[in-house]
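By letter and in written order, the chains are A, B, C, D and E; residue numbering begins at 1 in each of them.
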Amino acid sequence: MLRRLRYPSYFLPFLFLLILGLLPFIINNEYILQVFIMFLFNAYLASGWNIISGFAGQLSLGHAAFVGIGAYTSTILFVQWGISPWIGMIFGGVIAAIFGWLIGYPVFKLRGPYYALATIAYGEIIRIFIQNTKAVGPIELKGAEGILIPFKGSSPALFQFETKAAYYYVALAMFLLVLLLSYKIKNSKMGYYLSAIGNDQDAAESLGVNTSKMKLTASAISAFVMALGGTFYAQFLLYINPQGVLSGDFSTEIAVIGIIGGEGTVFGPVLGSLILTPLSELTRIYLGGRFAGVHLLAYGLILMAVVTHIPHGVIGTFSKLYHRILLKLGDPVVSAKTGAGKTL
Amino acid sequence: MIILEAKKLTKSFGGLMAVADVSVTVNSGELVGLIGPNGAGKTTLFNMLSGYYKPTTGEVYFRGQDITKLKVFETSDLGIARTFQIVKPFGKMTVLDNVMVGAFAKTGHKKEARDKALEVLDFVGLFNAKDNLAESMTLGGKKRIELARALATEPELLLLDEVVAGLNPSEVKGVIEIIRKICKDKRVTIVMVEHVMQAIMALSDRIIVMNSGRKIAEGTPEEVANNPEVIQAYLGRGMTKSARG
Amino acid sequence: MLKKIGAVTLIGLLTLTGCGSQTGGTNNQGGSSAGVKEVKIGALLPLSGAVAPIGETCKRGQELATEEINAAGGIKSLGGAKLVLDFADSKGDPKVGMSEAERLIMKDKVAVMTGAYQSSVTYPSTQVSEKYKIPYVVPVSVMDDITERGFKYTFRLAPKASWYSRDQVKFAKEMGEQTGSVPKRVALVYENSDWGQSSAKGWNKSVPEAGMEIVLDAPYPSSSSDLTPVILKIKQANPDLILFTSYTSDAILLTNGIAEQKINAMGMIGQGGGHADPEYLKNVGKNAEYGFDLTEWSPDLGKPGVKETNAKFKQKYGVDMNGEAAESYAAMYVIADALERAGSAEPEKIREALAKTKITSGPGMILPYDSIEFDQSGQNIHASLIMVQVNNGQRSTVWPFNAKNPDYKVVWPAPKWTDRK
Amino acid sequence: MQTLIAATLNGLFMGSLYGLIAVGLSLVFGVMKIINFAHGALVMVGMYAVFYMWSLIGLDPYLSLVVVVPVLFLFGYFLQGKVINPVLKREFGRNGHAVILLTVGLTLVLQNAALLFFGAYYKAAKTFVSGMTWDMGGVVTSVPRLIAGVVGAIVILGLQLMLSKTDLGKAIRATGQDREAAGLMGINDYKIYNIAFGLCLAILGIAAALMLPMYYVQPEAGKIFEMRSFVIAVLGGIGSLSGAFYGGLIVGLIESVTAQVWSATAAEMLIFVVFIGVLLYKPSGLLGK
Amino acid sequence: MLEVQEIEAFYGEVQALHKVSIRIEEGEMVGLVGANGAGKSTMLKVISGMMKPASGMIKFEHRVISGLPSHKVVELGVAHVPEGRRLFPLMTVEENLEMGSYLPGPKQERKDTMDMVFSMLPKLKERRKQLAGTLSGGEQQMLAIGRGLMSKPKLLMLDETSLGLAPVLVEAILEIIEQIRKQKISIFMVEQNVTICLQIVDRAYVLENGKIVMEGKGTDLLENDHLKTAYLGL
């Protein structure tokens, strides 16, 4: 293994990982770290979305609902009953997974645009419900006011840290875990089955694929992942409100990252976030304060340009480029392979 | 031994009787052809046998077990596989990945599935195309992918829906060879719907002829080919002339 | 394909660098006070999105004050250093607001923060500044909790949310006692986001305490395209007093709808936001007559400087100042005052100076109360509210009674619609 | 009781207007199979067009249609031709996510261009009927709403007639049903796409003129109508104009009556609940084929 | 009248036509036979502009039409009745026919042409108000042909007209084609049912794997041994 690190196809990813791992030591600027956290967080969410929308081809435009469920569950458990968000996180994940399953059951009957529209609808229903509900029994949702999370200083056991670097590492860990999960799914029976479903449901059924069970399982896993992200969001901002964590725009944002990057691939969402997060930050930084709206105008134009000129996600273009770089570096492993897409 | 038995199947679509009171038995190891002019109800019958349609009345038994109400993937688990008249490859997946989906029916391990898939690909002659995207294959290639995919599930009964339709003569020959091998070497029972006479005549042990939703004849290829009712109903003007010529 | 990517990237880079070069280059603000030529102030506001109109209003207030301060010679104790506003767009999103605060502080190295209009953005962004020990002056956000977390670097000019609902009811009660027309039946009409809901929480306490009865509790989505059903509900409830918490478009829809349906109530009382938006009066015209608005500020306040400042504002932007603009304006003077006294652009020194703020006069004091002072929690203890009534298209201060416009006589109860001209 | 009648009437009027807006979405979906996420932003564009006709030239919003409708038609025509068609052509036979993304980008561009050029402030136009009401024994109806409801229904009817009686209308339908076959008839299919999108914008222009006397334009003003349109278009069956009209009435009634007997917030949620219910019960919509 | 010179066409990376050349004279009825997937339909699509050829040239009445979009090709007088009929299912029979005469030229004679079509296909007249999608298979095929005739074509291209029809209906369709031929309209027909096709055409091409392998008089080809074994089975 170590010997293989001589090959660029091994040491480049390793180098990338190393840089990510040591980043807080390299960059002593909390703002840049913040941007990196947002990059990891967005990549995490888009990867979670990708499990159902990319792998299984069911375009969801309501995934903020699951982020919200996660954020609300762990936050309520923490604020009202003092349960550590680390534990609440798992609860949130499980509740979101159950939700994903329950919602999926009827909704998966729909195909194409109807499915997408239904996801918008359930996202909105959950947002409107939480926004207008003060409490359900003993559970205080606090409606539109949102829930404030008391900051107890540095207490890792309570998912609260003084330094940005700590949050960074949590985000990095979650990011790596979701990548690992994606990779595992993609390369397992389930991944093949989901892919088959995304291509042709009837044919998949004929090969013994229980399509509805598969989709529900993927939906539940996806929801679980999103919910964990919700807890991170809550603990990072220490404030959640329905207009923020449950908004339709948030859902769209997640989907846009996934689609721009390349649906159904393990690294597509990462690439999407790698491009869109800084793009959104840069346009806002340089254009945001000057003329109202210019930054989003520029962002929108760039988005349109990418869709028009780079079809089906930047991952295809990127992997060709990456492949070429590897060849330039004289990588013996890669040159043997033919399909560039295979390296990702 | 009877492997598949359909009893008095009837299917109507909003008043229109597509299949009326058709019974079929298939013995283990046999290759049965199902023919008839378009609109005769072949595909409907076929879809009931493979579980895609639920019959209006009647039952289907596989190895003595009633499978009438089972879902498609459940019949697949029991050992029934099928191909589609209009090919349905997983276009955005490679040929190998397509077949691996089938192979996963019998294993959860990627490596085992891969080995199985490669073996099947070799069997149908697609080994060299394994890394191509399925959508980039020719029709003949796609038909073979479907065959390979179905085979990879290791079925006992294989239902083939117009598997050589649209292929050129040399391709037809190749596929006929493969089907023969599947039936004789792998001992898989096959029911095939087919338009291409050359294929059906060359392959079938027994042929069932349908017309207007009913079974009108059954027998060996020779018997069927000489049945005047069949010639009249199925072959029509043009074909009868050419049969004479 | 690569060419295409190149082109796209190039467009992106051009857009970025083209404007980037204008922002950079002024960055010589630093730790030591010697040689400070300018002091950067991070202004976080919702400059895009649905709340952008109010974000824009706040921005105008800040800009006007900054221009004045700079024109008057800047910060004298810093050798005439100029104030530079560094705007950032929160998009009204807490997540973005937090990121932007981070950037203003870490990248742009602002000395002071101000903003962020929406409480939901102010709340997490003040937390960021607290962590980096950068003082944050909050001109308008009203959520009570903002100054109830024991933060040392957050200073709020605005009154708390709970004070608003308290004062709306208090005014109606005092008005009734004075005129003999005592309102009994109260309708609560509010947009259903955090702001409206926290108002409703306050009303549910203060209305019964004042001996009145809530006959209608009508939240609505502020994005509604049609509020006729809400208006019809009000009509059916037949209240003496209607209390509003509304943004601009909904305030307009409600006011016009109430006029159309000729719903007669003794008083209709808003609380800033939409009712204080200059666009509101422009759009509803006569239908706003006799309506009340509980606000932080009014152009007819009998205080020195108010008229002149408003005139300047109106000349520059074409509309009157309102509460948000005035508070944002005053906040800049609070910051300037602190800088002056600190004699340094170091955040820590500024914080100490801010904590000792006691402004009683000067151009910044256009707010209705006599003094600005922060308590331990950072809350401006003197912050108070005034009630204005619209008459002849003008907003005139009518309450507290001791601060009312002497030239104006309050109309209570409002005349019936059919009796109006 | 009177208020309930008033709420019902109001619901019908607003519903007819919603229906009109949804017709545009439904038309675009029916012909091009695009879910247009920029629909709301285009409503906003229409409203600004009407507003500036009023404020700059002093044209009454209703009269401004003479100018606004053709201008918006051309805008839609070119938007489809130059921006959407290139991506659409490439995406035939695919899942259509790229086109969705394109319209999301378009939304950002339109909204923020409006913010940049027109500012964030609310703008409203006055017409000779602004604020006028019609009192029928205690049931008070606002005249602009009445006009919006009636004109909305008439326009939908007119459009229906146009699509079913004229050759162009039939060509539009034909293209929606089978683009390639339409080409074989001598129908310039992509031009029909442009025309359909132009028509959509022209309709939105009419809706904008009907709306502006009682509503306000702001860069984000179209969002709510977009959501309503999604619901209505699916409710009535995508591609069906009469479906959009009835769907509009249903949504208008739910909104108005629920807000009346319960709350505006509940109405908001109920609309989506009904929407999901219909989707699950009959995905092709109440009047869909 | 129609000259196809060395046309090549691709589906993605798969080549469907290899340097195919075809000629049709005025008033002639020409057949193109071959198995499904041989490239027959592709040939028609390339001529009518539904697909763009990768190379080669097509001339119709001495005008180059290769590369033109389909609506331009129709305008010149080439009607294509596509495989699978491709009717507008949610429009009535009459509306479908009207669409056939959408172009300004044929539109002027719409009424007359429609009368002619109705007299040739009386069944359609009975069903003129019925939605095309609800017609039976044979009626749909008739409508498809009728719709093609509505554009007053000089050349009518028929793709798999017999496919999926009962023998009785096939005969009916063949009679209609005979009638059309009498009106001096050139016909280019693509058929999988080789026997039928070769019996009625003047001349035919045999397409195999995207290449023309034979050309000749229909009846001559019918006797050809290669063709018999390859396509007629039995």
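Methods note: contacts are C-beta pairs under 8 Å (C-beta built on N, C-alpha and C of every residue); 3 or more make two chains touch, one makes a residue touch a chain.
Being a predicted model, the structure only gives us computed values, none of them experimental.
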Request  = Starting at subunit A, figure out the least number of steps needed to reach subunit E through touching chains.
outcome  = 2
Task = Touching both subunit B and subunit E: give me those chains, sorted by label.
result = none
Ask   = Hey, how far is the Cα centre of subunit C from the one of subunit E, in Å?
value = 73
Query = Cα centroid separation between subunit A and subunit D, in whole Å?
reply = 33
Remark   = For the pair subunit D and subunit E, the C-alpha centroid-to-centroid distance in angstrom is 41
Request  = Compute the distance, rounded to whole Å, between the mean C-alpha positions of subunit A and subunit B.
outcome  = 43
Query = On subunit A, where are the residues touching two or more other chains?
reply = 128, 131-132, 292-296, 301
Ask   = Taking each residue of subunit D in turn, which ones touch at least two of the other chains?
value = 112, 115, 119-120, 219, 265, 268
Query = Which subunit B residues qualify as touching subunit A in the complex?
reply = 50, 52, 71-73, 76-77, 81-82, 84, 88-94, 97-98, 100-102, 104-105, 107-108, 110, 113, 131, 146, 149-150, 152-153
Message = Applying the document's contact rule, which stretches of subunit C touch subunit D when the two form their complex?
response = 47-50, 52-53, 55-56, 192, 218-221, 223-230, 232-233, 235-236, 248-249, 252-253, 256-257, 259-262, 277, 279, 283, 287
Note = The answer for subunit C against subunit A in the complex is residues 1-2, 4-5, 7-8, 11-12, 15-16, 19-20, 22-23, 43, 47-48, 52, 55-56, 86-89, 91, 93-96, 98-100, 102-103, 105-107, 120, 123-124, 127, 131-132, 143, 145, 149, 192-194, 196-198, 201, 219, 221
Inquiry  = For a test of understanding, state which residues of subunit E touch subunit D in their complex under the given definition.
reply    = 48-50, 69-71, 74-75, 79-80, 82, 86-91, 95, 98-100, 102-103, 106-107, 147, 151
Query = Which residues of subunit D touch subunit A in the complex?
reply = 29, 35, 37, 83, 86-87, 90-91, 94-98, 100-102, 104-109, 111-116, 119-120, 219, 227, 230-231, 234, 238, 265-266, 268-269, 272-273, 275-276, 279-280, 283
